[in-house]
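By written order: A, B, C and D. Residues from 1 in each chain.
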Amino acid sequence: MDLASGRIPIDAFMKERPAVLAAWPTGREVERLEDGFACQAAVPEAKRFAAALDRADAAGESLVQPRAGVCLVDEHIKLLRQLEAQGGADLLPTTIDSYTRQNRYAEAAAGIEESKATGRSLLNGFPAVNHGVEACRRVTAAVGRPVQVRHGTPDARLLAEITLAGGFTAYEGGGISYNIPYAKNVPLDRSIAWWQYCDRLVGLYAENGVVVNREPFGPLTGTMVPPCISNAVAVIEALLAAEQGVRSISVGYGQCGNLYQDVAAVQSLRGLCRTYLERFGWGDVRLSTVFHQWMGGFPTDEAQAFAVISWGTVAAAFSRATKIISKTPHEASGIPTAEANVAGLKTTRQVLCMFREQQDIASAEVERERAQIDRETSLLIETALRLGEGSIAAGAVRAFQAGALDVPFAPSRAARGAVMPVRDLHGAVRFFDFGGLPFDEGIKDFHRRAVSERARAERRQPSFQMVTDDIYAVSKGRLVGKPR
Amino acid sequence: MPPNASQGSTSGPTMILGVIGADCHAVGNRILELAFREAGLNVVNLGVMVSQEEFIAAAIETRAAAIVVSSLYGHGEMDCRGFREKCVEAGLGGILLYVGGNLVVGKADFAGVEAKFRAMGFDRVFGPGSGPEHGIAALKDDLRARGVAFG
Amino acid sequence: MDLASGRIPIDAFMKERPAVLAAWPTGREVERLEDGFACQAAVPEAKRFAAALDRADAAGESLVQPRAGVCLVDEHIKLLRQLEAQGGADLLPTTIDSYTRQNRYAEAAAGIEESKATGRSLLNGFPAVNHGVEACRRVTAAVGRPVQVRHGTPDARLLAEITLAGGFTAYEGGGISYNIPYAKNVPLDRSIAWWQYCDRLVGLYAENGVVVNREPFGPLTGTMVPPCISNAVAVIEALLAAEQGVRSISVGYGQCGNLYQDVAAVQSLRGLCRTYLERFGWGDVRLSTVFHQWMGGFPTDEAQAFAVISWGTVAAAFSRATKIISKTPHEASGIPTAEANVAGLKTTRQVLCMFREQQDIASAEVERERAQIDRETSLLIETALRLGEGSIAAGAVRAFQAGALDVPFAPSRAARGAVMPVRDLHGAVRFFDFGGLPFDEGIKDFHRRAVSERARAERRQPSFQMVTDDIYAVSKGRLVGKPR
Amino acid sequence: MPPNASQGSTSGPTMILGVIGADCHAVGNRILELAFREAGLNVVNLGVMVSQEEFIAAAIETRAAAIVVSSLYGHGEMDCRGFREKCVEAGLGGILLYVGGNLVVGKADFAGVEAKFRAMGFDRVFGPGSGPEHGIAALKDDLRARGVAFG
């Protein structure tokens, strides 16, 4: 399927569909779209993701969701039940394994066999495509909370077909956010086109009366991504989703670390996304926000990890995000056990409930950061839109080609990888290298000043060493990386 | 040299660096490249999502002294299986083979993980919390033992 | 010794001294004051508590100190070394057991014997009086950090004599703060007089060239103590200490829970204490502040306890306190193991280092709270000073007699126990019952409005049930207690 | 009745409440008093820092059906020793004896703690995390078994 400008015509979608389903035998199970609509229509209100987010947003509450997925169906169900019952998760995940994410279903099949044989999960997630529709329905039926598919798949068309027909009521990802951080050789026009398919599919479900929530993956590479970059990508993906008929969108943000910048970033994200949706005539799309606890390297020590989890929750609480994605004390070591995941949820809930009632941080710092992020993000979005000459999708592709959109530390060749972030004196993420971003001198000066202020304080030149120090900082017990 | 690899200009012994399998974790790879290069090695970095075949081809082409494999995402055990055998087949039986990162799924007792990868033929195994400095120190020792000095 | 007005004359002190030392055989070991001075003079600068606080204060850093003490000397040394080496504690404690605190040295002796016999600590702290001077010197010499005596002893004269001669460079407590929360039947004029003795002793050391830090116990009963009450007591005890010649004073505050109120309380405490010290001519006393992580009931779940520890550290970091007293994940269950104590330290350090570089919370809320606390605290202090007719000590005694100073949930008959705190809508601690506190209508109205605002929101009448709900709240995962 | 005790006016069975030894933890005691009273008991609360002798004297004087002991500070084991024997000597051999709180020094396996205090003659033992509701429920059962109902 080619990059569409505007909504994919239904016949083009239907023409593409057989090839998608043919990619793996389980594709046959979802041939009749009506079966999927019927399955979704039977999901009770309490288990509908979009509805839960709307309720929380209206009540001004934050919901908590962990990440979790293991290879085998029964073990996965057991895991989700534990997270629900013991961890008190408001929303449940099903994290997909890395082979499935790369459409390497044969390798996933080998992983399933070996997991069965050895009795431990050899895959880092739940291979939903291999398991097929019935297994998905067993999973979504087995728990009392809404369940989302969380992954990192450039071509997630078959996965979407199977999991939506399987009763999952939310689907994470996007053509940019599930390519740039997750792939190496996938051209951006390909992944965006594939995700237009996914969004169109979700739009079809909506046309048939069932709203499935869509969530662009906010944190991107999770490593000091400046808020303007992740927010611009989130807004563009929200527009791309709305264009295909998606009715419920959650835009996400990965904690950068400075409280004021984090709070401002979430406020800015919500505000700008709402503005742009309205501008394009999709003002009636339900919008909510997601706050990811620290997505960079964690400390291996569990007591320190609990601190990082708590710290993220403080920022999440003050940012009034609709949903918080929680981490675990095992983060630095490996996929968490159910117990470690429950512990992360409990820490998160405790901090959330102790801070949630407190007054907003209405300080001048937040105002300043928000104005800055608004300005930078708008510039990035406007440039992409202009480059698209009427096509949002084409604009995104061309912006990345031109380096006018870029993501630090991205493995993908589709990103220029020329931008480089660094922390300022107070730990806010600034630009060390602007790459090809279309910033005016005012913006550039702001960042240069911030970086040189820190450099002076540390008596060293701004350099990549400073960035490296920052990358390690949190895992070594700091926010700002200090000279060795 | 493989088309997408980045290479430094140092004259020290050559090593191949990369993240194996379907693994896209790019940050550590970037830092390892810099650190090994600063330590005096000629680093050929294949980046993320590298297959065993790509590692071996690059090693042959550049006459590398060592292959340094990272695996962060948990599938390391499946991805690394048979690596040493493939090296032997390709005539690289004696090449140093290092692996490091979050090698298996879950928080595991490191001794068990180490034994598993040693049995697969890796010369050195590094778990979560080991940084480039550990790999560099080991490489110094192991290459010195083979009569190669650097740094 | 009687309640002195002004500094105790040296001959009166010396006359009192033999009886103090006669209370337990180890008292004989400290007969020659010069031995103590000499021992203290030999303590290197790096291990002097007051100096460490001064350095931190000048650098704008916060030091971290745990609580810890076990019955036997070798075990206690091992414990402190672990807290230093593995926990990275900046300052070390020696927490004294409860029998010693009540001067029940015979019972402490039995505890020592039984601990030796069974191989586990049967006492909840280190019985320093029973162990004697040499043991204390072994403890303070065995570690590389300054060590403080932390206890809760109404009559701590002999303990002070022995531990100061034993090389401890800081001594916690005060005539009010170590009576009202820690005793039942001890008259306040007695405990204040005993603490005048302790302060005079510290003053004597200072006259002889060694500055020992003194720290009034800030949190009192640790249970929703309104900031004005604990701050007023802290200032009065600081004045009493300075009056006896103490040269280094740390005033403490126990976290109440609302971030803005907590930050404001520490700011107000430092400001008012400085003002009053100057007013009485002791402006050259070194002053620092202490922030106690949550002192009320903890959750039994350790993941939740880590959240409470982190939450306290956030408030501590933003309050810029000189010292943070850390809790542990075992808090709700029992005296922590060394490992649990280390975990608490690590969590604290991680949060501290991630927040410390961030900008101050300069919001209107903090300003408002600070003005309120300033006003209330000044009123309490002024009333006590007026009642004292020139004697600070007598003023404190009379204020408590009149109920013009009072502490909620105090076990002591010396407090009227008529004040009752309750949280407002945002979790700040307000007054539900003013008891006999000398507040004007303006202050009272402020609190009444805050309480009725919450009551309206919860659709219930303000009642003691609300207070009970608040007492349980944190241990049950909230800040504000909700109706059941 | 002891001079400092606070007493309610309910007509239900009488119980003695207090915190034993040199223990000054007052908050839980205050809440227990209210809760037991609300549940319909006639609570004689001796407050904190109560000796075995004071508990027993109050029980004799008020013909109490139960003594409810708290110990939070860790010395419970030492403070409670011989309590049942003293009760027997005082002619209160059959009185219900409850104890609760943080009974020993340190975070301990509760089963062991319970066994220890049961062996000392306490009828019921409650660890950290048990609230008044647990004590009240137990007291209802135990008093009903003795033919006394309340609440």
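Assume a residue touches a chain if its C-beta (ideal position, glycine included) is under 8 Å from a C-beta of that chain, and two chains touch if they have at least 3 such contacts.
Remember, predicted model here, so these are calculated numbers, not experimental data.
Separating the CA-averaged centres of chain B and chain D is a span of 66 Å. The distance from the centre of chain C to the centre of chain D, each centre being the mean of the chain's C-alpha atoms, comes to 30 Å.
Spacing of chain A relative to chain D, judged by their CA centroids, is 55 angstrom.
Looking at chain A, one finds that none of its residues touch two or more other chains. If you sketch which chains touch which, the chains link end to end in a single open path, with no loop closing it. Every pair of chains meeting the touch criterion is listed here: A-B, A-C, C-D.
Touching chain A in their complex are the following residues of chain C: 257-260, 299, 301-304, 306-308, 310-311, 313-314, 329, 342-344, 346-351, 353-355, 357-359, 361-365, 425-427, 474, 477-480. Residues 4, 21-27, 30-31, 34, 47-49, 73-75, 77-78, 102, 104-108, 128-129, 131 of chain B touch chain A in their complex. In the complex of the two chains, the chain A residues touching chain B come out as 97-99, 101-102, 104, 107, 110-111, 114, 120-124, 152, 181-185, 221, 223, 296-297, 300, 330, 332-337, 340, 409-411, 413, 464, 468, 471-472.
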